[in-house]
Amino acid sequence: MGWLGPEEWQAVALSLRVSLVATLVSLPLGVFVAHALARWRFPGHALLNGLVHLPLILPPVVTGYLLLLTFGAQGPMGRVLEALGMSIAFRWTGAALAAGIMAFPLMVRAIRLSIEAVDPRLEEAAATLGAPRARVFATVTLPLILPGVLAGAVLAFAKAMGEFGATITFVSNIPGQTQTLPSAVYAFLQVPGREDSAIRLVLVSVAIAMAALVLSELLARRMARRVAGG
Amino acid sequence: RADSLLVFAAASTRDAMDEIATLFEGESGHDVTFSYAGSSVLARQIQNGAPADVFLSANTAWMDVLEEGGLIAAGSRRDLLGNTLVLIAHDPEAAPVDLAAGDFATRLGEGYLAMALVDAVPAGMYGKAALAHLGIWDRIAGQVAQADNVRAALALVSTGAAPFGVVYGSDAVADPGVSVVATFPGDSHPPITYPVAVIAGHDRPAVTAFLSFLTTEAAGAVFEAQGFTLPGR
Amino acid sequence: MSLEVALRHRLAGLALDVAFDAPAGVTSLFGRSGAGKTTVINAVAGLFRPDHARIVAGGEVLADSDAGIWLPPHRRRVGYVFQEGRLFPHLDVRRNLDYGRRASGAPQDAAGFDRVVGMLGIGGLLDRRPARLSGGEKQRVAIGRALLMQPRLLLLDEPLAALDEPRKAEILPFLERIRDEASVPILHVSHSAAEVARLATTVVMIDAGRVIASGPASVVLSDPSLAPTGVRAVGAVLSARVVAHHDDGLSEIDAGGVPLMLPRVAQAPGTALRIRIAAHDVILSREVPVGLSALNTLAGTIEAIHTGEGPGAIVSVATPAGHLLARLTRRSVTRLGLAPGQRCHAILKSVAIAPEDVGTGPA
Amino acid sequence: MSLEVALRHRLAGLALDVAFDAPAGVTSLFGRSGAGKTTVINAVAGLFRPDHARIVAGGEVLADSDAGIWLPPHRRRVGYVFQEGRLFPHLDVRRNLDYGRRASGAPQDAAGFDRVVGMLGIGGLLDRRPARLSGGEKQRVAIGRALLMQPRLLLLDEPLAALDEPRKAEILPFLERIRDEASVPILHVSHSAAEVARLATTVVMIDAGRVIASGPASVVLSDPSLAPTGVRAVGAVLSARVVAHHDDGLSEIDAGGVPLMLPRVAQAPGTALRIRIAAHDVILSREVPVGLSALNTLAGTIEAIHTGEGPGAIVSVATPAGHLLARLTRRSVTRLGLAPGQRCHAILKSVAIAPEDVGTGPA
Amino acid sequence: MGWLGPEEWQAVALSLRVSLVATLVSLPLGVFVAHALARWRFPGHALLNGLVHLPLILPPVVTGYLLLLTFGAQGPMGRVLEALGMSIAFRWTGAALAAGIMAFPLMVRAIRLSIEAVDPRLEEAAATLGAPRARVFATVTLPLILPGVLAGAVLAFAKAMGEFGATITFVSNIPGQTQTLPSAVYAFLQVPGREDSAIRLVLVSVAIAMAALVLSELLARRMARRVAGG
C-alpha cells in the first residue's frame, strides 16, 4: 500500500508484535498477581500492590530510565541476560518488556476487580465437591472472570500500542528493531513539516486498537449472555 | 564489503540525515540505520551500552559527558552543524521586532512566549541566554511557556496558543504556520553546535567513511536546505 | 461409618455449643429458624471454622482444634446440598452434575449418572445453564451434583423445601437407598417432621445453638415435651415388614404381629419399613370400633397421658406393634374417661399414612 | 381490587400461555416445579416481558402489548417476595425493611414497622446485614420488606418454604389480615396444599405453562381429578363462624348449623372462618359412631365416589356444613358397601385440623 | 524542608492539586459513562467506548496536541472559554484537564467492571420496591460498586500524578502554573548530572501515590467486609 512507506509498515508490524507479545506473556502473571492481591492475605501484600502500580505512577521516562539501568549492558539483569545470550536491551523484546511493564497495572486492576466480584460461595461449593484450590481457580474462578481478563488484556494491549516514553528511553528508536508506532510518530513530530506522516501513523494505531476494543466487547457480551442465560 | 551502521541522531535532524544517508548508501553500498530521539535519551543509552556507531547530538553538554566517560573514539568528535536562534510569531503579517530596542516585552503584552525548557533543553537554554543578554528576560520570565522540546514550542506558536516563540532557524524554515520576526544576534548566546562522534570501539572503516561523508559538499547542501548552518563557513 | 461432632463458637446472634454423635444412617438436625443448623453443617463441610471443633467421620479426623487439625473442604469428600443452590452459572446442568466426579478424577459412570438424572427428572435440562432453570429445578440439580460426587458423607440443608409433593415422594426413596445401600451417612436439615421421621435414624434437636435432645428418631420425635418446631411434629415411628401386596392396591404389613393395611408400598415382601404415625392422625376408642371406613385398629394399653397448656393431650399407648402416640383434646380424654392402665383401641386410616411417612429400614 | 392476567411466550423449556382472573383476595398459583409459576409472577411484577401480555390490576392497565403499554416495575407498586431472597447485602435489616417506604417517600410509620417486625420475629436482627442471617431469617426479612412498601398487590413466591411450622403459623394470620383488611390482592405460589387451602380465595392450577383449572379454592382443591401436586392436596374447604370459646381450650364453631369443636381459634365469636378438611383426615361410618375420641361427626349423604388408578377412592359427602371429601381405600368402600345416595357419618378429629388449616374469611 | 527546593515543592503541590481535581471532577462523569457502557444499549455505544479509550491508545503527545488544537487560544473550545473568561490554556486547570482525560479510560474501565459484577436481580428487587432507575442506581448499584469506584479513582489519581506527555504538550511548563512533578523530573533528566534531583522528585511522587493506594486498599477492604458480614 502506497499510503505508508516501508519503514512505517515496519513500525506498524513491530508495534503489533510488541503489544501482542507483551500482553500475552504478561497475562498469566497478571492473572496470578491479581488473584494473589484479591484473595490472599500475606506479608508484603501492600508492597506487591505498590510495585505493580509503580509504572503507572512514575513518569514513563523514569520507568524507561530504570529499565535501562537494570537491563542495560551495565545493569545487573542486563549482565545476567547477556551471559545467557538473551540480551533484550535495544531489541524488540526489550520494547515488549517496556510495554508489558507499563501496561501491567491496568491489566492487574481489571482482573483483580473481576476476581473480587466472584461469589466466594461458588468457590466454596467447588471445594466441597473435591476440587483443590488450583482446580477451583481453573474451573470456577477463571471462567467467571474471563470477561474481566479479556477487558484487562485489551486495556493492556491498547496501552502497549500507545506506549512511548518508557520504550524510547529504554530501547531507543531503531527501525525494525525497536521503532514502534508511537516512536515513529514522535520522530515525525520532531521534524518540521512531517505532521501528515505522523497523523497517518496515528490513524493506523487508532484503527488497530479500536478493532481490538470492538472485538473484545463482542466477546465479553457473548460470555456474559451465556452466563446470564438471556 | 558492505557494512551496517547504526547512527543515534537528535530527532530534529531527521529529514536531513535521512536524505544524506540515502546518498551515502548509494555511494558506498553500506547500510545506515538511524535511531532518532532526544539527545539526552540517546546519550544515556550509549552510556548503557547501546550498539550505536555514531552519535549526532543537538547538545554539547551530553557529548562532553560521553567524551569524559571515554565513550567516544578519540579524535572523532567534530562540530558538524550550527543553527540560528529566531523569534517567531503566529501572525503571518506580524511586523518585525527590533530585539535590541527592547520593545519586545511591550509587543508580547499579556501573551505567552513559547520556548523549550529554559534550564534543560539546549534551544531553551540558548534562548534564555540571548534574552538575558538583551535585557529582556527579567521582564518576561513569568510569561515563558516551556515545552519539553523545541518542536513542541514551535507547535505552541503555530497553533496560536502562544503568539511568539523562540526556536531554531531550521525549525522556522519548515513551518508555514509561523513567521520569523527577528533573528537573535550570534553573540547574544553561546554558539549553537551539533557535535558528532564515533562511539568508542566502533571506528570501523565504514563508520569513519560515514563521518567523513557528513562533511562533504553534498551533505552540507542538504543541511543548509533544512535551515542548518555549517560551522567554519 | 459414623460421625462425631463437637463445636464451640460465638457469633453475633448465636452462642454455638453443640456435640453429638451421628451413627450410620441419617442424622437430622431439627430446630427452628436461626437455631444454628446451617452453621453446624458448614463446620462439618470445612467452610466455617469455629473456635473449637472436633469432627471425626468414619474414623478419620476432619478437624481437631486441640491437635491443630483442620482438613480443607476439598479433602473432606462431603457432598453438600446448600440451602441456596450455588450452582455454577457458567456450566450447563450436565457439567454441574459432573463437577465432583471430574474433580476427583473418577471414571465416568454413565449408568449411575442416568439413574440420578432420571430420579431427579432433570434429563431435559442437561444442556441448560442454571439461569434458565426454575427454583425447584435448580434444587434438583444441586442434589444431583452432591450425589454424583461419590461422597463419604452427605450434607443436606433443607434439600426438598422448594419441591412439590410428588417430586419429594420420588426423591425420598433415593435418599433412603443411599442411606441403606451405599451406607453413606447423611446429615440432614429439615423443617418437615414427616421428612425427618421418614429419613432420620437419629434426630438432633437444636435450639439457640445448643443440643436440647438427641437420639433415635422414634424416641426423640415421640417425646411430646420436645416440640420446638410445633406440636404437629409429634408422632410415633413403628418398625414393620412388608407381608404381601393385595390386588386392590393395598399392601399388608406386619407390625409386631399386628397386620396393617397401607396404600401400596413399593417394596418387595419381607422389606423392613419404618412408619411414622403422626399423633394427630390417631383416634382412640374404648370399644372395638365397628362400621368405620378406617381399616386399621390396634388394641393396646394406655401408658401415660401428657396434658400441656393447650386444649390437647398426648396419649401414649403400648400396642403389640410398638408405642403409639395419639393427640386428643382434653375434652375427649375426659369424655372417654381415659386413664393410664386402661385398654383401648387405636384407629388409623390407611390413607392418612402418607407415602412420605413410610420409609424403608428399621426404625 | 382484582387482577387480570393474560400472557403468551415461548421459552427454551416452556410454552407459556396462561390467562386468569384473580378477584380480590388471595390467588394461589399451584403447580409442579417448572410449571411456569415464577415466570407468571415475574411478568406481573414487570421483570419479565413476555411476547404478549395483558395485565390489569384494580382497573389500571399494567401491561397491554396490543396497546404497547408496559409499565416499568417501579411504577407497578407490587410487593414481591422472591423465591430467592434478594436482600440488599450492603444494607442492614432495618434499611432493607425501610427501602420501599423511602423509595415511595411515604412518611415513617413506627407502629406499622414494629408490628411487622414483631410478627416476623426479626426485632433482634435489625442491625445485622444479610450475610449474617440464617436462611429462614433472610426469608422473613424479605417478607417484611415487601409488606412494608404498602403494595397494592403482593406477589409471594413460596414465601414460607424455608420456615418452620410455628413461624408459618405466626405469619399466615398476618397474610390473611392483609388480604381481608387492607384488601391487598395477593398472588401466591406454594407447594403446600394446606397453605393454599388456607389462604387462597382462588386457585389457578398451572401445568407446563398452561392453566388446567381455576376457580374458588373450595372447588378446585376438592376436585379429585386435579392433583398435579399429589393426592394429599385434595380436601374440602368449609365456611364456618366462631360461636364460643370453651374453658378447656376448644372453640365451638358453627358450620351450616352443625356445631364443630376445634382447638382454640384465635378469633372473636362471630368471625367467619374457612376450614380446610383434608380428604385423608375424614373417616366415614355407616352407623352413628360411639365411644370414639373424635369429637366431630357430621351426618350426610354420599354424592359421588371417584375411584382412580390407585387403591384409593374419594367419596364426596353432602352435609349441612357443606361438601366434604373423604379419601378411603377402595377396600373400605366395598366393605362398608358405600354408594351414592346413601346416608353416612363423617368423623373428624378436632386435632387433625391443623392451625394452618383454619383461616379467616369466607371460603 | 531543605531536601527539595521551593520550586520543587511548588511542583509537588501543583501535581497534587492537578491530580486531585482531575480525579474528583471526572469521577461523576466516569461513573455515568461507565454505567451507560455497562448497562445501556444505545446507538453509538461502540463509538462512545472507543472515544473513552482514545487517550490510552494515542501517544500522549498526540493527545496533548489535539487538546492544544481544541482548547488553545485559537481552538474552538478555547475561544468559547476565553469569551467566558475561563481560559484554561497554560493554566493549572488545563493541566488538570489533560491529566483527567489521560486518566479517564482507566477510571471508566474499573468502574464499568464493578457495575457489570452487580447482580441485576438486586436492582430488579429495588425496582419492584418502587425505586425508579436513578434511585436504584443511587441506593443499590452505587453502594455496591463503591470499591470499584474507589479503585478507579485511585488508578486515575496515580495516572494523573505520573502524566507528562499530554500535559506538557498542552499547557507546557510554567513554574507555579503548569509545572507538575513529571515535568520537573523530565527537565532534570535532560541535564547531565542532575539525576539525583530527578530521583528525589520521583520519590516524592511515589510516596504520595503509594499513600493513596494503601489508603484505598484499606477503605475497600472495610467496605467489602461490611457487605460480606465477616
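Structure notes:
To keep things simple, chains are lettered A, B, C, D and E as they appear, and every chain counts its residues starting from 1.
To be clear about the criterion, a contact is a pair of C-beta atoms (placed from the backbone, for glycine too) under 8 Å apart; a residue touches a chain by one contact, two chains touch by 3 or more.
Bear in mind the structure is a predicted one, so any value in this text is a computation, not a measurement.
Where touching is counted per the definition, the chains common to chain C and chain E are A, D. Distance between Cα centroids is largest for the pairing of chain D with B. Once the centre of each chain is set as its mean CA position, chain A and chain C turn out to be 56 Å apart.
Work out the mean CA point of chain C and of chain D, and you get 26 Å between them. Each chain gets one centre point, the mean of its Cα atoms, and the points for chain B and chain C are 90 Å apart. Averaged C-alpha coordinates put the centre of chain A at 35 Å from the centre of chain B. Residues of chain A found to touch two or more other chains are 61, 65, 186, 189, 228.
For chain C, residues touching at least two other chains, in rising order: 128, 132. Applying the touch definition to all chain combinations yields A-B, A-C, A-E, B-E, C-D, D-E.
Residues 46, 49-50, 53-54, 56-62, 65, 105-106, 109-110, 112-114, 116-117, 120, 147-148, 151, 155, 158-159, 161-162, 164-165, 181-182, 185-186, 189, 198, 202, 205-206, 209-210, 213-214, 217, 224, 228 of chain A are the ones touching chain E in the complex. The touching residues of chain D, when paired with chain C in their complex, are 11-13, 31-39, 83-85, 124-125, 128, 132-137, 140, 157-158, 161-167, 169, 191, 193, 228-230, 232-233, 246, 248-250, 261, 263-264, 280-281, 283-287, 289-295, 310-312, 326-334, 336, 338, 347, 349-352, 354. Of all the residues in chain D, the ones that touch chain E in their complex are 45-47, 72-80, 82, 84, 86, 88-91, 99-100, 103-104, 128-132, 145-146, 149.
Within the complex formed with chain B, the chain E residues making contact are 61, 65, 68-69, 72-75, 78, 89-90, 164, 168-169, 171-174, 178, 183, 186-193.
Residues of chain B that touch chain A in their complex: 6, 8, 11-12, 14-15, 33-37, 41-42, 44-45, 47-51, 149, 151, 154, 170-171, 173-175.
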